[in-house]
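Here come two complexes built around subunit A, the first alongside subunit B, the second alongside subunit C.
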Partner chain A sequence: MIPLIVAFPLIMAFLTSILPALRREKFSKYLFLIGMLSSWIILPQIIENLPFNEIVGNWNRISGIEVAADNYNLLFIMAELILSAFVALYVYGNYYPKKIENKAYVLLLLLHAGLLGAFISRDLFNYYIYMEIASVASFALVGISKEKGARRAAFKYAIFSLLASYIFILGIGIIYLKTGYLNLALIKENLRMSREINVALTLAFTSLLLKSGIFPLHFWLPDAHSKADAPISALLSGLVVKAPAYGMILLTLTFPIGIFVQRTLLTLAFLSMFFGIAMAILQKNSERLLAYHTVSQMGYVLLGIALLNPLGAAYYALAHALFKGGLFLSVGTIAEHYNTRDLEKLSYRSSKLLAIAIILLSLAIGGISPFIGAFGKSKISEGLYGFLKYLLYLGGIGTLVSFTKLNYYLSKRKEKAEIPRKKTIIPLLLGTLTLVGGIYLYPHLNILKDLSSIAMAFILFYLLKNLGVFEISTEAFIPEQFSSLGKEINAYMFLFTALLLLFLLNFL
Partner chain B sequence: MKMSLIVRTTTKLISPFLVAYSAYLMIYGHLSPGGGFQAGVILAVSVILLITSHGYKRVRKTFKFWEVQLIEGASGGFLVLLATVGILFGGFFYNFLRGGDFGSLLSGGIIPLFNIGVALKVGAAFTFMFYILLRWVERD
Partner chain C sequence: MISPELVGIMIILIGLYGLLTKENLIKIVLSINVISIGLVLFFIGVGYVEGADVPIMPREKVVDPLPATLMLTTLVVDVAITSLALALILRMRREEE
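Let's turn to the complex of A and B:
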């Protein structure tokens, strides 16, 4: 039954793609909606028979491809289904101009099918293929954005994502050479650790880190996520970066992870967390601020993976998909109707529903207690010890400072803009979902801690504001040579190679 | 973008043979070396040869843009649909047409159908990609 969850969107993608040939473009939005929502039909049956695995075509495990649903990937599947349903409803109708409508729908369906396929697969090569389908669809979706510089961002994204894919498949090849299998259960049975497997794991982890936008390898992420249209940014930040994180979870569940690898991942997770926050505080572009928060929040997910706590990482990924998707949709809606992404010109005063949605989602991302963010954080901090727990707490305060800044600018009274009702209700629904989901999963109130962290965030915000930190322009720190795309890509490629070599030399 | 008379005559002669070879590969893919992807590539080459010798504008009149687009999407949909029909018989991608003697054409069940679907999909997709690139090059 599980493969059907991918089959429905895929059929609809193919059917939508032949509509222009038959001159029936006007039906493409109906097929699109059916494709995006039909996967929900399978979900009750998957939840009923959990954990559940199936070899496609009823072959035996050695010759077939295995797909499975268990406690870990069910959360990823849930996140995918919920956020893509909201994005589908947001895009449905006349979001895209008539000329590119059909193509955008096909690409969105392919993205949906690719992500679901990556999340259910238990076979390294199958996982790689579906992740590639999702990535290729997302390059194109970034490229069709109306924003200036979108194609440049899409090109950069394509180059680095493809680089990561090639290195990842090299790693898979080495694993296949040494064990003889691609199926993860069989690899686990027949595994004998050796130098070659270590090399393969290093290659796989480094490429997945690049794909998921963790700190030193985050350079493509803010551009790609901030130049895309609002619903696409929501999908990219909420879901597409989760696919490589799921790959890392699969690897940690299959292979024994050495203490050194674990420490490296832990360090990178914290670096990513604080770097993302620091950069987000300095941003003046609303979408870039949110994009840097993705770098920071992926640090939390990586923290769960590094502590060998995959359930915590999966819960945090679900939480992040909900609130970051909602934030991109709500802030993106405002930015679209004001026709600018400059924080100082935007305001949510003209729409009360959006204001409530953004405040709810900001509290959720800051980890305030009845919201789902607090649940994710409590799950992740289970394995943390000593001062690292305080570092996590500090990260939460940093996130709150940055979102205080966002709300401070947005709450100022500026000129009015008409925002259609549908576009305000969808972010509000996501906002209430983070609240309801949080109450359902983790009904604990921690008023003292939350109030003190909000108060500290406010104090820090006014301190930083009076010190003039928000006036610093980040553009001054970008080297002059980076104005040509080739030199920029070369520099980042060098950084990636250096990091890969460093990891290789240390893990051998 | 028209080439000399010799090239045009030769490609016209070769193209039908390539199509026949591709049909052999896709139908007998489960019994002999070959299969859907190879058959599809050869199918696409038969059209691409004509494009290089006769030019895009001439070929577009015979193999129309919308036809190629239709074959590409429809064969992709057919593949997934065939896999989904297997659910009724026991599982996704289940081979529900088993029959025939060992080594005969019918022994493959749905595999020849899959090969035909993949071949049409790959062939149409390659041709489609060439069409789009050439439309961009020759747009003036």
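Let's turn to the complex of A and C:
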């Protein structure tokens, strides 16, 4: 049953791609919509039979490929289905020009299928293949963006993501060499920890950290996510970075995680959280601001993984997919209609619905209580102790400061822009979904704490504004553009290799 | 005796060296290809069994065919990515002009 969830979009991707040869291109949007929404049909049956494993083709476990749905990955599947349905409705119709419409639809279907395939898989190699389908589709989708510099961003994204994949397979190869299986359940049964397995895990974790954009391996993310078109950015930030996070959850569920790995992940999670916020506060480009928040929010997801609290990580991933997808769609819509991504020139005054959507989503990402963000945070902080809890709280306030900045610029009155009704309703629906979902999952109000954090965020925002922090250009200490792309890739490659070696040295 | 796994890892490191030092974008794409070749060799080595036969028709003792099959998939990904990366380089050139 579960494999069908992937099969529908894959078949539709194939059918859509042969339409131009049959001279029936005008049907491609219908096939696209069917492909993007048909996976919903399977969902009720999966939920009914939870937890659910299946070996594709009824082989035995050793020779077949296992797929499964349980409490953890159901949340990822839900996030995927919800956000991709909204994005599909957003792009459906005439978002893309006629010339590339068909190809964009095929790529979106492949991205959808790849993500679903990665989220249901219980076999390391199968997981890699589906993640790769999704990644390759997303490189191409970044590359077809109208924005200048998108090709450069796509190239950088492709090279680093590909390197990470190869290092990941090298890790899988070592695991296969040592255990003789790729199926995670069988690996767990036959596991005997050794130095080789530790090295393999280090390789796998480092490459998945790169792929999920965790600081200090985040360098490709702000470019790729901010140069893509709005709906693509929503998918990239909301879902594509979640696939490697799911991989890390699979690894933590299968292998015993040593104290060193756990400490490293915990440190990286907090570093990523605060680095993302600090960089976001300094951004003047609306999409880059949101992209840096993805770095910070992935820190929260990693925190859940590091604390061996996969359910918390999964809930936070779901919450982040909803609000970040909504934010990219809403802010991206405004940016597209003003024809600039400069925060100082944008305004949501011309569309009340979008204004409401952005305010709702900003509250959700800040973790204000009836919203789903608060629920995600409460789940994550379950395993936290001592001062780390205050650090998490501080991170929430930082996020609120940065979104106060976003709303401050957007709420100023500027020239008007006509925004079609459909493009405003979809972000608003996502905004209400974060509220409704939050109330459904976690009906707690924490008015005092929330009001005080909002007040603190406002005070901090005006303080930073008067100190002139927002005038600082980030280029001074972190170059956004190197003299050549080649040099940039060399430099970041050095960072990745150094980090990888540092982690590996620990097992000598 | 030097094993194919070891040679594979050495080739991966050569590719990594290319990524660390070469500025030319086409050379960067080629370095990624070198890494993938090293990876293929590593996997073929993983599946090798001393003194075993080819895994065609039932025999007494055969090498493990699974790693080789996995590598076919990886090669497909590699071809797709190489063409995409080269196309992106062409587009970037056009944009700069």
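Criterion: the second predicted complex is superposed on the first by the 502 of 508 C-alpha atoms of A that agree within 3 Å, B and C clash if a C-alpha of one lies under 4 Å from a C-alpha of the other, contacts with A are read in each partner's own complex, and residues count from 1 in each chain.
Throughout what follows, a residue touches a chain if its C-beta (ideal position, glycine included) is under 8 Å from a C-beta of that chain, and two chains touch if they have at least 3 such contacts.
Just so you know, these numbers come straight off a predicted model, no measurement behind them.
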For this session: Put subunit B and subunit C onto subunit A via the superposition and say whether they clash or fit.
Result: fit
Exercise. With the two structures laid over each other on chain A, which partner does A:F139 touch: subunit B (first), subunit C (second), both, or neither?
Worked result: second
For this session: See if subunit A has more residues touched by subunit B or by subunit C, and give me that chain.
Result: C
Exercise. Thinking of the overlay built on chain A, is A:G383 touched by subunit B (first), by subunit C (second), by both, or by neither?
Worked result: neither
Exercise. Which partner does A:F14 contact after superposing on A: first (subunit B), second (subunit C), both, neither?
Worked result: first
For this session: Identify the partner contact of A:L485: answer first if only subunit B is touched, second if only subunit C is, both if each is, neither if none is.
Result: second
For this session: After the superposition, just quote the angle formed at subunit A by subunit B and subunit C, using C-alpha centres and rounding to the nearest 10°.
Result: 40
Problem set entry | subunit C versus subunit B - closest C-alpha approach in the superposed model, Å | 5
Exercise. Which parts of subunit A are in contact with subunit B and also with subunit C?
Worked result: none
Seminar exercise, completed: Listed in rising order, the residues of subunit C that touch subunit A in the complex are 5, 9, 12, 16, 19-25, 28-29, 32, 35-36, 39, 42-43, 46, 66-67, 70, 73-74, 77, 80-81, 84-85, 87-89, 91-92, 95
Exercise. Across the complex, what residues on subunit B touch subunit A?
Worked result: 66-67, 69-70, 72-74, 76-77, 80-81, 83-84, 86-87, 90-95
Problem set entry | Of subunit A, residues touching subunit B in the complex | 1, 3-4, 7, 10-11, 14-15, 17-18, 20-22, 54, 56-58
For this session: Spell out the residues on subunit A that touch subunit C in their complex, using ranges where they run on.
Result: 125, 129, 132, 136, 139-140, 143, 148, 151-152, 154-155, 158-159, 162-163, 165-166, 169-170, 173, 176-177, 484-487, 489-490, 493-494, 497
